[in-house]
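Look at the two complexes coming up: subunit A is in both, with subunit B in one and subunit C in the other.
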Partner chain A sequence: MKNILLFLIFLIPFSFNSYATIEIDITEGNREPLPIAITNFFHDGSEKITNTDLPSKIRDVIQNDLESTGLFNSIDEKAFIQENKSLHLKPRFADWRLINSQGLVTGDLKIEDERLKVEFRLWDTLAEKEIEGLVLITTPDNWRRISHMIADKIYERLTGEEGYFDTRIVYVAEEGPKNNRVKKLAIMDQDGANHKFLTSGKELVLTPRFNPVRQEITYLSYFKNLPRVYLLNIQTGIQQVVGDSPGMTFAPRFAPDGNKIIMSLAREGNSDIYVMNLNSRVVERLTDSPAIDTSPSYSPDGKKITFNSDRGGSQQIYVMDSNGRNQKRISKGSGNYATPVWSPRGDLIAFTKNFQGQYFIGVMRTDGTGERLLTENWYQEAPSWSSNGRVLIFYRETKADSSGKGHSASIWSIDLTGFNERKLVTPGDASDPSWSKLIQN
Partner chain B sequence: MNKVPQGLTTIYGSNVMIFKSFLRYSIILISALIIAACATVPDETVSSSSSSSSSTSSGPQVVDGVYVGSETVEMLAVDVPDRVFFAYDSFALNSNAQDTLSKQAAWLKANGSVTIAIEGHADERGTREYNLALGDRRANAAKDYLMSQGISANRITTISFGKEKPVVNASNDKAWAQNRRSVTVRTN
Partner chain C sequence: MRLSVLGSIILHSLILVFTVFSLPIFNDPKIDTPPIIQIELIEISKVTNVPEKSVQKSLEEKNEEKEKKEEKLTRPISKPKDEKSNKKTEEVEDTVKKVEKKIEKKMIENMPIRKPQTKKKDMFDPLKLAELIDKQKDTKTKIDDIPEKDYEVLDSKPSLNKRLTLSEEDAIRAQFMQCWSIPLGIPFDDTMIVKIKILLNTDGTLQKPPEVIQHERMNKPSEKYFRTLAESALRAVRRCDPIKVPEVERYESWKSLQLNFDPREILRG
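Take a look at the complex of A and B:
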């Protein structure tokens, strides 16, 4: 992660409108993607930039972000009629309507005082108006973050929802046969760029989670054959064990304020949920049953916790107050439920369900009603929400044959509507993904 | 964990041993019959007969969901198997498991300075975190049984590997049954 990334953001009003004729309702399933033209960002060439492909690179990142949502269809630049030079002054809207583009993204970039300054505009070609505009300034090597922020702005303007492109994913990179699997923590931008391994693979590592307010990850490590919850500082790479517990700690997540870690502690065959305050190091026990209590997740307001328990005889989903009171089951259907995660919007809980030998990723309301299954597979689990609560990532494994061949693990994403299921690109096999909030420095 | 009277265990143990010997002899006998039968088969099928005396078992490998074979079992000492097996989503010790653990306990008593770690494992099905907890249950079930046989707790540590360290990589019932295990490992 580079040093100070963003310098200044201005919103420049160029004949702003308070409404747009183009807009997207993202709660509809399987809608027709909005045709949009994203042009190379214009650079007048008056000063040299080391990265001469920057204008098209920025365009490519924005295009990829928007298309990954399934809501946009980016028109091939070979079809463009108006060239960049005159476009820089003003769009000839008829040219763009002719190729069926409803939205048009233009922009330019320049280097000023060794800083990269990018200005973009979003146009409605039907209404012939500019509907969004932004200027972003940062260090030149930070052009990807600018591109994601522009894509977020476009997404937000057209859907009314906050974007989720300026985010990262931490996950477990895997390789080797199942009985000798090497696992490393890895981090990447949500579009797969800037991929980096965070651990060496010497120790088994599992289930990483981002701190919502700091550059920090919590995860389970088997360092010295003692499975415990650790913290890793993303910038320094320094790892540190959390607490000094008498038994295995696992399934760690941060509280919304980033100052507490909630986790399971296994003592003499019994796993219960505990919360540790990272500042005071005070530990509070929240569950006390002979059942397995694990996979806890805070509501975004920090007032409630959802978790997985088999206290009723099978794995189900429960909710309790953040002080451990009022524990009650919310999962209602047949089968086993696991890995509950509270949506950042507060309205839904995503989960893994196992029923009749198949695995499902689904969502339910926080009282357990309205259960909706989004996807089914031989094996998949552990959904994680995008920062705007509209997309889920999770991981899948494939079945091995009798000689153990054919096994693989990969990360997938799917919309809340159940559409746009797609596989994420990672250098090797992947599991345990966790999606960060918007980076926002 | 109930204490099993010493005498009863020995009798039961020897019954199991007799049963196992019988099974072994039956397998040899049956294999011999198959080989003899194949020798009289006409020429054109002779080439396929060589596979009929292969290592596919002639008895069930998984009984009531618990692995009963010995393919993945190693020995801590003569006649002291190093592991016990479990049914799906269970940490109950069946009679085979109790028998094995009793042998481990006897060996530990005879070798008073030995310390051990018990590793609890789950098969690949089921969510990762739940399986970490289940592995812990299985390791502690074995530890508790050893303690009930008089082994002191400070000689035993436990560790759960959840589903992270299978011994068999296939995705079928037998492989899963072989992977649901608690393994005793010497630590000194």
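Take a look at the complex of A and C:
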């Protein structure tokens, strides 16, 4: 009996060996955008819609949003095999696989009590199942926001990260000759729609920045040739001065909680970092260096601040605790570094770099390692993160010719891969963009 | 005292001489083991896997040739009908026997006294010739009796050369690489690797839906990135269905696969 048992134990490894599963490591894959079919949203025609193109317009907005990421490839609707009527009942997955679609977006559109009701579904054509579905109800005029929200849901479900389509961009709209530029505050949806000016252009405006928790902007405006920091509520239009202290204030930016503003304040020829509590209006000094310390930006947890300073002889990026202690230089490469901005993810710092006459937009880890330059040009600066920390917007200027013509400024976006660079459409010249968080209301 | 010392020396020297002549390491030539290189092993398995039947056939042919030669040697001498010829044959038989005995004696005398047993098997032994011929006959009938189907059964038994070769693994890997759209938006994380188990039919189709081994992690609300990655991997498996597979004869070696979808190097940037 004992011998039999021993023999059986001896056989165990052989039995495992005979049915061993082979492991295959797949470390590479297809980096092409994911093919996805976005269909016209179905409307049975029982209710009158003033905007008859609405089903296709919603589709177009979703398609543009997803394609702008460089991660999705929307399949041409001419290739669709299944018609909208039968699709409304149930997708024939084989038909969609046939045109190489891995995801399918379908939707219904209804008007109920003069309100627009949009129901959308996202299907995995290979698993043959619904993976996301949502009903959104709003006023018919608000169809663009609904479309962006649907695009956000699709993006989130297929990439795992939060979308950034239901967001706005505030920027400085420029016009006129270079020596006499008129600069106005302007706001638009991230895709360029719903554009409007927020200031008249009488005063020069600079560096607008979104509040991360409220529909509010802080910016710098010149009043009687003195720069002052302003707050502007986008919904109410109410504007107020927050910093009227002696000296000049620059580069204001909100803290992550939206209740503090960090900025650079120049007094007696020395520029340092200060923080102002918006409730108590108490100003606290954070750096005390004879050099120029400017462009401060909080980490998303509010515990650290990055800024740039020329205290070491050239402009470099530094990091310190939120109370001003443990100041440490992190940029290590050649050239000058400016406008550091902490990523909403917390893992990277974006910056502008000037090296050998060229300007770069790049990112580095928060300890200064892993520097990656994403884009290079004659002149570009002021990166601003998308709410999910995957895309940066910045502005780029073109060189004027000898007669002073040909100068222009425009907003561009680039993702962290450095491959998906796009120009944003604005009515005129544009600079100094700031990207809002998801609107969420 | 002297005697005992002498006796000890003689005995020790005898043991020494005995070991020199008896232990195989002193006689045996060194075994030439070729350097084992992984690629060479694969080539071998590839060669040995594919034409197994032909190898067996060539073995059969060799056996047949051997038989023919041996038949020539041991062919019974047909007896003539008349007495004279009988006598002659008797005489011839006697001389043959004498010669054989002489050969036997010489062979026995010339035979090395101590040789490693492993080598003996390969050596030609005229004394056991008949036995050998009988065995060959037996094996021949056995090979002939094996039906075609049983080769597959033999093949299905586990052995080293039934494993997938690297090139076969690469061929399978390449198919999944083509089918896998990497979700590039996922942030780098050292644990971002999805393990999927699949069972295949002989034609390369999925026997049952692919199974994510870390399915518990996939269902956690906090693991959105992992779920996205796992879903992309599942899509790749379904998109590749059916995959091109190696020969059916070695079905057991590839019917169960674990696919490790590992985008970490790509996501690291």
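One rule holds in what follows: the second predicted complex is superposed on the first by the 411 of 441 C-alpha atoms of A that agree within 3 Å, B and C clash if a C-alpha of one lies under 4 Å from a C-alpha of the other, contacts with A are read in each partner's own complex, and residues count from 1 in each chain.
Criterion: contacts are C-beta pairs under 8 Å (C-beta built on N, C-alpha and C of every residue); 3 or more make two chains touch, one makes a residue touch a chain.
None of these values were measured; they are calculated from a predicted model.
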{"item": "Contacts of A:22 with subunit B and subunit C, given as first, second, both or neither", "value": "second"}
{"item": "Partner chain in contact with A:160 - subunit B first, subunit C second, else both or neither", "value": "second"}
{"item": "Partner chain(s) touched by A:416 [first = subunit B, second = subunit C, both, neither]", "value": "second"}
{"item": "Subunit B versus subunit C as contact partner of A:71, first or second or both or neither", "value": "second"}
{"item": "Touching partner for A:332 - first (subunit B), second (subunit C), both, neither", "value": "neither"}
{"item": "Touched partner set for A:179, first subunit B, second subunit C, both or neither", "value": "first"}
{"item": "Sites on subunit C touched by subunit A in the complex", "value": "157-158, 163-164, 169, 172-173, 176-187, 197, 224-229, 231, 234-236, 238-239, 252-254, 256-266, 269"}
{"item": "Residues of subunit A touching subunit B in the complex", "value": "177-179, 181, 204, 206-207, 220, 225-227, 247-248, 250-251, 264, 266, 268-271, 292, 294-295, 308, 310, 315, 336, 338-339, 352, 354, 379, 381-382, 397, 399-404, 407, 431-432"}
{"item": "Complex contact set, residues of subunit A against subunit C", "value": "14, 17-19, 21-32, 34-35, 69, 71, 102, 124, 126-127, 131, 156-161, 345, 347, 372, 390, 416-417"}
{"item": "Residue numbers on subunit B that touch subunit A, as the complex places them", "value": "91, 124-130, 132-134, 136-137, 139-141, 144, 159-160, 164-172, 175"}
